[in-house]
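Order of writing sets the labels: A, B, C and D. Residues in every chain begin at 1.
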Amino acid sequence: MEESQKKLLARVKRIGGQVAGVERMLNEKRYCVDILNQIAAVRSALDALGVELLTRHLESCVLGHGSDNEHPEAKAMSQQELLAEVKTALSRFL
Amino acid sequence: MEESQKKLLARVKRIGGQVAGVERMLNEKRYCVDILNQIAAVRSALDALGVELLTRHLESCVLGHGSDNEHPEAKAMSQQELLAEVKTALSRFL
Amino acid sequence: MEESQKKLLARVKRIGGQVAGVERMLNEKRYCVDILNQIAAVRSALDALGVELLTRHLESCVLGHGSDNEHPEAKAMSQQELLAEVKTALSRFL
Amino acid sequence: MEESQKKLLARVKRIGGQVAGVERMLNEKRYCVDILNQIAAVRSALDALGVELLTRHLESCVLGHGSDNEHPEAKAMSQQELLAEVKTALSRFL
């Protein structure tokens, strides 16, 4: 498995662990503000994962359009369509 | 278990399932933009959970300061300190 | 004018200046990434203004429900309605 | 002036007007929750401006690296450096 894929998987596993932590804190009736801070931490970790994935997509599929690194799904699209797709994905995050 | 606690737990379990879905999509080498959309959905679910928890905290600990609904941790604080704490928690989210 | 009102007005004036800065940068055809960083700064300043206003609202109208500090518009509502309103406002931000 | 530049300027002018609206609402001591909703609207408009600018940057400077559409500042950079810069800009927004 390539390096960047390993890193993304490690990130998402860590996020899964953080969400399990939030569930545990709720069950233990921990103080609401402490749980909120943990949720804010998960949110930051998710955002960082999103930025990582989007950058990889720009590199391998938008800039790498036509190359071997490209995902099969991107092959059928024009660069203009890929850009429009990135724009929509960004709007969902912001 | 009280109703609002059950709902919060159901929400966090659903978020855990969504994160597991992101991991699966990464493993199956699904198209990056589809994974990004799933991450944006998890983020919205987390935000909704945060809003829910914060409102419950305002109700039971800030407005309910001094009542039986209050979390033990909030008892020792003044309402002024509770407000300052809410302000800090909000800043972490925004 | 009370102190907190002065501070809020100073903040919003500063934000107006920052937005004028973005317009100037666009007109001067400055580098996109520099403009993006300026936009991110305006966004943070807006978020801080929102947190400030929301905390003031919690203090004067939700906790201060029934007191002289309360805004006339809040007088007619119950604390339960005020909380529901705060929840909706939070959802718009998150 | 090119079309996309005109649209960006129109957007930023509209945002300036919205910020002036927030200042007016503060001066008129309007209800806090109404001001908060206006601030949330400015924030959405800023995010949309950010997405627009970033997409233009990807098109003209990252994909268009080496072409005439590229901003002078981007010419000196490699595509790898441009990508790293986009990643940093994204992290500031998310």
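The criterion applied here is as follows: contacts are C-beta pairs under 8 Å (C-beta built on N, C-alpha and C of every residue); 3 or more make two chains touch, one makes a residue touch a chain.
Everything quoted here is computed from the prediction, not taken from an experiment.
Participant: Would you pick out the chains that touch chain C and also touch chain D?
Facilitator: Looking at chain D and chain C together, no chain touches each of them.
Participant: From the mean C-alpha coordinate of chain A to that of chain B, what's the distance rounded to whole Å?
Facilitator: Centre separation, chain A to chain B: 19 Å.
Participant: For chain A and chain D, what's the span in angstrom between their mean Cα positions?
Facilitator: Whole-Å distance between the two chain centres: 22.
Participant: Which whole number of Å gives the spacing of the CA centres of chain A and chain C?
Facilitator: For chain A versus chain C, the centre distance works out to 29 Å.
Participant: Where in chain C do residues touch two or more other chains at once?
Facilitator: Each of 47, 50, 54, 86, 93 in chain C touches at least two other chains.
Participant: Take each protein chain as a node, join two nodes whenever their chains touch, and name the resulting shape: line, ring, star, complete or other.
Facilitator: Its topology is that of a ring.
Participant: Of all possible chain pairs, which ones touch?
Facilitator: A-B, A-D, B-C, C-D
Participant: How about chain C: which of its residues touch chain B in the complex?
Facilitator: On the chain C side, the touching residues are 47-48, 50-51, 54-55, 58-59, 62-63, 79, 83, 86-87, 90-91, 93-94.
Participant: Over in the complex, which chain C residues touch chain D? Could you list them?
Facilitator: Touch residues, chain C against chain D: 5, 8-9, 12-13, 15-16, 19-20, 22-23, 26-27, 29, 31-37, 39-40, 42-43, 46-47, 49-50, 53-54, 56-57, 60-61, 71, 73-74, 85-86, 89, 92-93.
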